[in-house]
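Shared chain: chain A. Partners: chain B in the first complex, chain C in the second.
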Partner chain A sequence: MRETVKLISMEGFEFVIDREAAMVSHTIRSMLTSPGGFSESKDGVVTFPDISTPILEKICQYFYWSLQYSRGKETEFHIEPELTLELMMAANYLHT
Partner chain B sequence: MEMDSPLVRLCIEEACKSGDAVERWRLQRRSLEKLPPHLADALLRRLLHRRLLFPSLLEGFKHSVENIDLRGESSINAEWMAYIGGFANLLSLNLSDCQRINSSSLWPITGLTSLTELDLSRCMKVTDTGIKHLQSVVNLEKLWISQTGVTEAGISLLASLKKLSLLDLGGLPVTDQNLISLRALTKLEYLDIWGSNVTNLGAICILKFSNLSFLNLSWTSVTQTLNIPHLECLHMNKCDIVSISKTHSSPLASLKKLVLSGATFSAETESFSFTNQSSITYLDVSNTPLRKFSFLATMINLEHLDLSSTAFGDDSVEFVACVGESLRILNVSYTKITSVGVGNLAGHVPQLNTLSLSQTSVDDLSILLISTMMPCIKTLDLSMTRIQGFMQRQTQQAEPSFAALQSLTSLEILSLEHAYLSDTALSPLSSLTGLTHLSLKSTYLTDFTLHHLSSLPNLVSLGVQDAVLTDNGLEKFSPPSRLRTLDLKGCWLLSKEAITALCKRYPHIKVRHDFADDSSSLEQNQLLPRSSPLEKSGRRRNNQRPESSVAVPRNFVDQRLKYNREELVALQNSPLSQLLPREVLVSVPDILADL
Partner chain C sequence: ILSLQRVMKSIEFEQGWSVMETGVAKLSRILEELPEPPFLPEEYMNQYTTIYNMCIQKPPLDYSQQLYDKYSEVIATYNKDTVLPSLRNKFDEYMLKELVKRWGNNKVLVRWLSRFFDYLDRYYIPRRALPSLNVAGMKSFCDMVYQEVQSKAKDAVLALIHKEREGQQIDRALLKNVIDVYVGNGMGQMEKYEEDFESFFLEDTASYYSCKASKWIQGDSCPDYMLKSEECLKKEKERVSHYLHVATEPKLIEKVQNELLVVVAKRLIENENSGCRALLRDDKMGDLSRMYRLYHPILLGLDPVADLFKQHVTAEGNALIKQAADAATNQAASSGGVQVQDQVLIRKLIELHDKYMVYVEECFQQHSLFHKALKEAFEVFCNKPVAGASSAEILATYCDNILKKGGGTEKLRDEALEETLEKVVKLLVYISDKDLFAEFYRKKQARRLLFDRSGSEDLEKSILLKFKELLGGQFTSKMEGMVTDITLAKDNQISFEEYLSTNTNTKLGIDLTVTVLTTGFWPSYKTSDLNLPSEMVNCIEAFKAFYATKTKHRRLSWIYSLGTCHISGKFDQKTIELIVSTYQAAVLLLFNNTERLTYTEILEQLNLSHEDLVRLLHSLSCLKYKILTKEPMSRSISKTDTFEFNAKFTDKMRRIKVPLPPMDERKKVIEDVDKDRRYAIDAALVRIMKSRKVLGHQQLVSECVEHLSKMFKPDIKLIKKRIEDLISREYLERDSENPNNFKYLA
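And now, the complex of A and B:
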């Protein structure tokens, strides 16, 4: 059971985040916990060839914000309007 | 249609926060094109809701959007339609109540081969010329043009739209000749011709529609019920049903839903033999002069029964009782039923979840009967009955009868709009923790009741009308966390200041009172309260479209924005504002209409 996972953007940027944070996404959660022996669940590395670096960074920030929020620290998650379209599509794909 | 994904919702809210925010992304053409349809639809809806949508912004969505719902938007005109004409993937377009839409503004959409659903209900300026344009939208499957300006000539043109499965021609002057021309529409499953000029002769043509499952002939002069083989739903409100054609070889075998509210019958039809009675699940014979109810005994699969405003009484209860196994909804308001009848009914309706006994002479005994023998009751209407809130036991001690309601664990909606109930009688209500909607109306109620009921944790809607509530009491009132509607109409002792202060303290609660500010100047995006005549009539006629949440035409909002608050209050007493149009047919009590 790994502590951290690695998420890779389309440009090859690697984001290392806590496993718990990554599991906020239902898609990532099923990738990491599926019994099918996918490489993702073994290595804890997931590649997203369709998600750009700034968007993936924002997604990771969202994961941590979401964990914080569910622990009672109710702050606002600010999203720059320019990012909303791409972020929305990524969030949709990630079921988060 | 909420997103399951919280982040998607956050993105949509941020994107639609203001005109500025929109500017920052509206030129991202490639992203807009790549949006999956459900996201594009949701984003568009939100922009509309926030009143940020304008034609050239709409253009950005032309590759991704599949559904556009602009109902009630009075600003939609030809310029918008010109942009919509470019939406190559558009599947459904709702322009109902868009008063500026006329025949020529339909021209741009003639090329939309993807369009399968088009709603132009109540666009009065659409005429036969508009239908000529629509003939080129060849893939239309569902078309609503009720109450438009289309005439007999235009209706015949619809025969060229061969793929039509749903056709709503309500309120249009459809003639028998039209029905002959429309024979070509063999795929028709849903036909609505209420209020038309169709007669028995024309009705015979309807037999040719072999796939028809829904037919509405209300308000026509058709007097026969038709033997359409696969018909599942028949509406003949306000018709004079004279004869059940004895020439029919077999009865309507698959009829599930029969709505005959306000119809009149000749003696021989009262036997309802024209239909295979065991298939009927929904029957509405409210407001009819029926006297004998023995026909109910064969309708063993009945789930929804409306007998309100008929001569139904205790002696006919046995017929309902013998088919009560699957009955879920029963409306016997304004009939002659008494507690004796309720006693005979209770125990035979194990699955009943909605019961209306309003305006009958049932008394407190019924409360006991219902509480002990109708365990699944969720919605209960006991307004305007002989209930007093107390049961006389053998020991002269009068016990509150509402205490018995505690055994109804599923009870959520309770209507007790009744002139004689007092605080003491209603005090047991505070133990009904599952209640979500409670409606009270009595001149004997005081602040005590208001406070007492504020302990109900799940309350969403509370009405304490006509009560003697004081400003002091209102100030001390702390509403339950889920409360969204508070009806204080008729509480004459309350001052304007107290009401305004209440509204300010709890902005998320809709307060109803003469002094309550209805012209929501803060949040112009809100849907208006459901009290417009258009909305109520829309509900009766469009009862096949439960998924649509009916909105009031936006032009009402526009009118009131012309005035400031002082002028609005001054207008309150003008004759026009006193009009309270009410639907003549079975009227659902406000509390149930709020659902």
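And now, the complex of A and C:
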């Protein structure tokens, strides 16, 4: 199993994160675990033409925060107010 | 406040749908195993995103419903155009293979499509309470494909199973997968599997085995038939584990058992030549174990087997009884012959019990039905008398033989003896007249203890412990008391001898040993006013004085009939020590004063009864050791005989026992027991009525029987008589309103 996946924003920014973190998103998880899905040779590379870089960045941070939270580190996740709406929509899209 | 406004294109339905169609087409090609590269993440996300976008658009561009319908349509079309045709042109095993493939494919199809269309499952579907994508997809296959082929598939499967039953190899993995199709299409319920497959399978199985059973039962012996049945059951269980659903196993086994074992049970088990009775006769333990294993899981299946077992054991037991009875009548002439037969009988009964207990334990796995059968069988013949002696008496005699000197204690080692005693007690369980046994045992025990004939004190105690365990303390209290008395007597004797040595004015001239018995523990003995020889009178007085120093409130009755004397007989040739009973000694000592005595003179001098005297004189003059000579030299005593001391008597031994053959105690024992029984019945009746106050006749009788069953089986007529007696003694009265009822009178 590949350890990391690459998420690309609409502007072309590449975020390489742990597979485990990416799977916090149900959508991404479904994709990665589909039958006849991705063999070892394939990259786990996904482009999100509808998600901007700052949002995607925030989402990646969220993934890690979520993993830590579930492991007991109960901190707060700060969201800048101006990102809220887009972040919610992206979260909905990614089923996070 | 939005800081970023993105331009979001609206997607027209046709536009969006054509994207999906591409994805669907690719998926189809993959499923049809056409050369097609797998989905890239881009392609996947594209599919997902398309659906997502089409669903978040504001109405009227919210295409959720259309997309949901399209989803179902896609799957239905695929089933209709691709899946069904591929199944329709195939048959039998090929069709099954195709079905399994298509079923697998369907799962993949539904999974992929529902991931593409996933967004619908998040909001649209729950809000409208519609079937989820997964359910809708599976249902499509179920309604369109499964429904059409399931019946043919079932036939194909049954055909393969039949082949396997007839011994051919089949593709088990394929069948397992086909069964999964039936189970899977139940959508979580077992209905489809049960209705579309299992019920037909069970019916088919039943008729298959019904056929086999009819064929086999004609020609096969019982053991062979059972072997085949066992094999079939084993194979069917394997069948379940290899490809059927686990829930089918109990139903399957029940059907097979029914056809192979239940329907033919009577014919099989009762087969004259090779059925249960024959197997028992020929000691075929392996076959009997098999019979038990086969019929054990079947409701009431073991009943006929247990019944035949009981019949067989009863027949064997009865045969032993008859054997003993016949031997006894044949040997009635020779004395001691009857005795030996009794003992042989007990030994054989014990052997019989041991033998069939092994059957109960090993073949029949300690099942209660068979314990019961064995018990009931033994209860039948263990209560039959042999040559006039009840089984209770015979068993008591057997015990006596083991416990007395020269009997078992010298012949067998300790463990063997303990074991034998255990088995004797086991037989006692089956004897209904336990109180009769107790009385005979007690009489013989008394004789052993009093005449020092017991082989081992430990064994005496050991067997009493066993009795106590089995029948309770009340049964053994008297017997134990007897043993204690003997022990105490030994201590007492030491005290007596000390007393004698310290009291120098009491010179007895005779060594006297006295055993004091507690009345009530010991059987009742007649006392008689024997005129003691003067030598003995002093001794009696001395002991009386001694005893008075020990206790003030007890009265001693002397039972001379139980005493033993050692007398020096100064015959012409040599002096011989004679061991005789006190009565015999009394007779002999008369001849110290006179040479000759007539019967009548002896009678007057000793003050004995005729019965006793005849026996005494007979033992001294007509048997092996003729201490007295008799005129005339006939073999029996008459009142006109004369007796003389036989100075010419001699024997190679220096000490001899001159036995006095005991009187037949049988009649007395039976009388005593009958008397005790009357009291026991009275006591039981009163106890029952006291607690119940009012009771019907039938019930009173049956409860009475129940109460007493531990010790004996009371005669119903006797109970009724005792009830009448109690009424006349005003313990009970008849109920004036209902004469069938009795009332307790306080």
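We adopt the following convention: the second predicted complex is superposed on the first by the 89 of 96 C-alpha atoms of A that agree within 3 Å, B and C clash if a C-alpha of one lies under 4 Å from a C-alpha of the other, contacts with A are read in each partner's own complex, and residues count from 1 in each chain.
By our rule, contacts are C-beta pairs under 8 Å (C-beta built on N, C-alpha and C of every residue); 3 or more make two chains touch, one makes a residue touch a chain.
Fair warning: this is a prediction, and the values are worked out from it, not measured in the lab.
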*Have a look at where A:H95 lands relative to chain B and chain C in the superposition and call it first, second, both or neither.*
both
*asked:* So in the superposed three-chain picture, is A:I17 touching just chain B, just chain C, both, or none of them (first/second/both/neither)?
replied: neither
*Which holds for A:F77: it touches chain B only (first), chain C only (second), both, or neither?*
first
_First, second, both or neither for A:L87, with chain B first and chain C second_ = first
_Comparison of chain B and chain C by chain A residues contacted_ = C
*Examine A:Y62 and indicate which partner it touches, taking first as chain B and second as chain C; both and neither are also allowed.*
first
*asked:* Show me the chain A residues, by the header's touch rule, that chain B contacts in one structure and chain C contacts in the other.
replied: 82-83, 85-86, 92, 95
_For a test of understanding, state which residues of chain C touch chain A in their complex under the given definition._
1-4, 6, 8, 30, 38-42, 44-45, 48-49, 52, 56, 108, 111-112, 115, 118, 122
_chain B to chain A touching residues, read off their complex_ = 3-8, 10-12, 14-15, 17, 20-22, 24-25, 28, 31-32, 34-36, 39, 43
*asked:* Touching residues of chain A toward chain C in the complex: what are they?
replied: 27, 30-31, 34-39, 42-48, 50, 52, 82-83, 85-86, 92-93, 95
_Residues of chain A touching chain B in the complex_ = 59, 62, 66, 77-89, 91-92, 95-96
